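Look for subunit A in each of the two complexes below; its partner is subunit B in the first and subunit C in the second.
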Partner chain A sequence: MEPPIYYSRAEFIETDTGNKVSRRATIAGPQNIILGGKTIISSGAIIRGDLRRSGPGHAVVISLGRYCVVVGDYVHIGAASVVEAATIGNYVEIGKNCIIGKFTIIKDCAKIADNTVIPPNTVIPALSLFSGSPGHFTEDLPESTQDIVEVQTKQHYARFQPLDRDLVRSSLYYVPYNSHLLVSLPLPMNLLPVNPVTPQQCRNLLLGAASSLQSTL
Partner chain B sequence: MVSNVLYHCPCLSASSVPPPPHLESSAYSFHPLHTLFFCEECDAVRCNRCVSVEVSGYYCPNCLFEVPSASVRAEKNRCARNCFMCPNCRNTLSVVPSDPPDAGDGRLSAPISTVGEPPFFLYCNHCRWDSSEVGITFEKPTGLAAQLQKLEDYAPESLEFDRLKEHFEPILPAASAALARDIPGVAKYTPHARSGRPSGKDRSANKDEMPEYKSRLDINHASTYGSGGGDVDVELMRRLEDVSEIASLEQRWNYSWSTSLETRDLKPLRIPLHSKRSKRCPACTHILIKPEQKAQSVRYKIKLVAANYLPAITVALPHQIEMLGHISAEAAKRSTKAPVDDDKDTRGGLQAGKTYPFHMSLTNPLYDPIQVRLSVQRMHVAAAVSSGEGGTIDKARRPPFAISIPTTPFSVAPFAEAWEYEDDEEMFGLDDDELEARLSGREKEPKPRSKTVGILEKRANVTVVGGEVALGKEARGEVKFNMLVAYTYRSDDPAPSEGHDISPSKKAALETKTFAFYTVVDLGNIIPKEEARIDPYDV
Partner chain C sequence: MAPIRDKFTIHSKAIVCQDVELKGDITIGSGTIVHPKATIFAVAGPIVIGSGCIIEESAIIVNRRKEVMRIGDDNLFEIGCRIEAPSIGFFNTFSTRSRVHHTVRISSFCVIGANCVLAPADDDTLSDYTVVYGPSAERRTWTGKGKIQEADLRRKHAEYLREMLPKFNRLRRGDGT
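The block that comes next holds the complex of A and B.
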């Protein structure tokens, strides 16, 4: 019995498979991103599919499973968290304002409390809660964690619903930088240099992402 | 949400009646449903405080290596591979070569272990501690624990521990046998074959007759090692420029008292192992939880959790839900991000002297329908009031609110796999009128509900019932009450001879069983009237 979370239809692109992607999220390298269905990518999220090993050929670098609010199935990543993990398992919960360092491995059903800083190269075992700065093992999670997370993420998806009226806004170019969602590829080295993103590029990325997401999903 | 429902575990207590919610002990007896277990044998709820626990496997939380239990003791419960903890901040250390990769090109370079020049050292990429500061370097980047073995074996704390063990050796077998008898799951102690102690010593030695233990290093001379509070420490403190030069108690916890106080002398720590555990019913020793062997598997061979037996109950106050939905709608309208969790506690609080409806939703996990009956536990305050001089204080303690909930039994439909949330999106919707009102900014008065107390809604395997809380004028504190939930279900327990010769009459007479459990319902805090009226100072 949680309250609904409303969004405006004008802001979100909905795909046939139930993905809801904010026009105000930044999606780089959409050809390298697969959304598993029923995934919500919120306003201000930045998803980087453009970080890949140099060289020819296409490879999927990010695959988001079902019921993700942005990497395995039933994964929830809180607002304003920066995630550069190498792998994230299923049923993982990452709180708000977290920093997850490069090459971090997060196993199934792990949970990271709000405001946690996980240094690079950390391994977070299955069913464990990490918190603090640097993040430490805090406690074992209950045996029914998987069931709880599944229900919660499904409920979150159900609560996330449109306000019926389309509302037109003029602030289309504005991309807030306070909330970043950054998923890097599971390749440890030889990343292509990261270019700074200008508002113009952001808009192009958004338009490109929107059309390619709609066509590929 | 502020409001919640917790479930009672009697923890083998003779009385199954829980303490009233205003007592401190209440918090220890009630737990979230998803942390509880259910023993079918005893037909009882069990919790993490009362189950008996057995280790079913060990693993390193960093390299995830599954350590055979045979080597756990020899390795002192810590990872014997390449995993070390920063002595300063407890982060996991990385192995880096002495010539770290050049970071001059503006890119962040992660430490790379298997390449580079020796000597190697351990480096913390959080606080930048590095093991060469304490004179620890390695010839090769693998088998670090073995390379440090000597250092560890001759550390004062391990020498002291060995001495203690030797001292108590004679009484260990008897003590361990007694422990194994009293606590199921504790393995009997088997002395190491390599133990140098001759077993010819008197085994029947009474522990009262134990000779006095003499520590390896005399505490009176500890100051010479830098931590006994003597002149050496005084001198150290005198020259101190920064508090962090002294290692905190937590940082020194694993060492003996004969170790230096200084932060710069701290040594890297091997990472303690984690364990997977099985859980048993404390009364009948049946297994309730049995994890799969593989360390990182999240599956269980046996998992008897209460959530699969008892109905799940959630509680909500409609006026708070309404308000939060409104905030979210406003945010979507203005296309700003909704302040999702902030201010939940202050807005939509409970005000003294008012009456509020609340909704409880019960979800049936069983494949059969259940009949549920709810009742509020009477709080025994009358006795307290009459107890002499403390009368006035106790009077104030009297529950300052009255709860009404439906008392007639109601049904909750069975769980079926088809009830999935995807078909259920209607459940959160606003109707068109409300939406119109919200978007145009002219809010209507909420429609008065025809009834507050009673069965409000039935859908899938969920029944929502309404209750009401009337707060007294002088009410303050938490609105919390104990509620007994009794549910009746069809039992297929007595099925004696399977298959043949079951008379049709037997089939018709369905066995029913009733199970009852206590919950504590917390509706949140009351904003006292005085405080609500007085404006904050920042007028």
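The block that comes next holds the complex of A and C.
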């Protein structure tokens, strides 16, 4: 199993049904948005309910996604993707940095690779992988896709855990487990305790971490 | 550099959401819609936006030049586009995450496709009906077929937004009112 993704408890609001919504996400027209439970909305996401009626289903994992009109179950929308689709089926995976044009229909178990630009009015059939700019059919997906995506989204939800320790507030410093992890996540919550090092090394690592964080923010 | 003086002139019929970042001298014409989280940034000279434009969320419009940045009527700025062109005509479409640098002037009826970057080193003017498309930002000319239908669709869309957005968002008013 992959390592957990930590988030700060202060940043996320958790509901009884297990939805986790970042305080830094923008949600317009909340009357029109139904979260199915076990949904994660990451920071920086913009979800517009003020434009049309909507009702996402169950266990939708959204990270920095937006424009979820009718989103099915076990859907994962990658970071920095813009989705203006009319409907999205169940078990759909949308990669990072994608642009999904208006009125697109995405059927069940479809997959869209990272950095894909799907032109408006496209219909993406079930069990197909789309990629490129403009996005086009690349290959068929195996029939086991449904189970794989279900396990993946459930795992993602399980990996998304709160971390109370906060680097900024804590006087006890931990050395980053791996600096790459630090750059890929938005906040300094991903610091894991490892073997002790000299105070000088610890200081240097933290200074490096702080500057890399500043550049990512 | 002198600090930027804020001066917003917003027409009473324009819909500008509260959650919009405005800086500098900005004039917004009647019936123009600015979605939440859009950014309009008049760094040096002022920005004048005509009527019936739609500026979607996280779109960024910047004027780095001293002279007035004029944006005509019925332009559509889609999600995440970044526009710095010194002048923009009528009825242009800037698609999702497109970028236009300050060296390009845009005429009328142009379309900049999704993810296209328009950044020539020298000053350039995009003539009427130019369509920029694809990953390498190729250009061709639109015949103008279906222009009236497109215009009608855009006006309908704007009308719908003018009706819907005030129901869910708080609006910003100009300095004068």
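To be clear about the criterion, the second predicted complex is superposed on the first by the 146 of 217 C-alpha atoms of A that agree within 3 Å, B and C clash if a C-alpha of one lies under 4 Å from a C-alpha of the other, contacts with A are read in each partner's own complex, and residues count from 1 in each chain.
By our rule, contacts are C-beta pairs under 8 Å (C-beta built on N, C-alpha and C of every residue); 3 or more make two chains touch, one makes a residue touch a chain.
Keep in mind that this is a model prediction, so the values were computed, not measured.
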Discussion item. In the overlaid three-chain picture, which partner chain does A:Ile99 touch, first (subunit B) or second (subunit C), both, or neither?
Written reply: second
Worksheet item: If you stack the two complexes on chain A, which partner ends up touching A:Ile46: first (subunit B), second (subunit C), both, or neither?
Response: second
Response to the item:
subunit A contact check, subunit B vs subunit C, more residues touched by chain B
Worksheet item: Of the two partner chains, subunit B (first) and subunit C (second), which one does A:Val82 touch, if any: first, second, both, or neither?
Response: second
Worksheet item: In the superposed arrangement, which partner chain does A:Gln155 touch: subunit B (first), subunit C (second), both, or neither?
Response: first
Item to complete: Kindly classify A:Pro134 by the partners it touches after superposition: subunit B alone (first), subunit C alone (second), both, or neither?
Response: both
Worksheet item: A:Ser144 contacts which: subunit B (first), subunit C (second), both, neither?
Response: first
Item to complete: Determine where on subunit A the residues touched by subunit B overlap those touched by subunit C, and list them.
Response: 101, 117, 119, 134
Discussion item. So in the complex, the part of subunit A that touches subunit B is made up of which residues?
Written reply: 1-8, 11, 38, 42-44, 79, 91, 96, 101-103, 107-109, 117, 119-123, 125-128, 134, 136-137, 142-148, 151, 154-155, 157-159, 161, 163-165, 167, 169, 171, 176, 179, 188-189, 191, 193
Worksheet, complete the sentence: So, in the complex, the side of subunit A touching subunit C is made of residues 26, 28-29, 31, 46, 48-51, 66, 82, 84, 99, 101, 117, 119, 133-134
Worksheet entry | In the complex, subunit B residues that touch subunit A | 1, 34-35, 59, 61-64, 89-92, 94, 107-108, 110-112, 124-127, 274, 289, 291, 295-298, 300, 303, 305, 307, 314-316, 320-325, 328-329, 331-333, 335, 337-338, 340-341, 359, 361, 420-422, 424-425, 427-430, 432, 435, 438-439
Worksheet item: For the complex, which residues does subunit C have touching subunit A?
Response: 19, 36-37, 57-58, 79-80, 96-97, 114-115, 134-135, 161, 164-165, 167-169
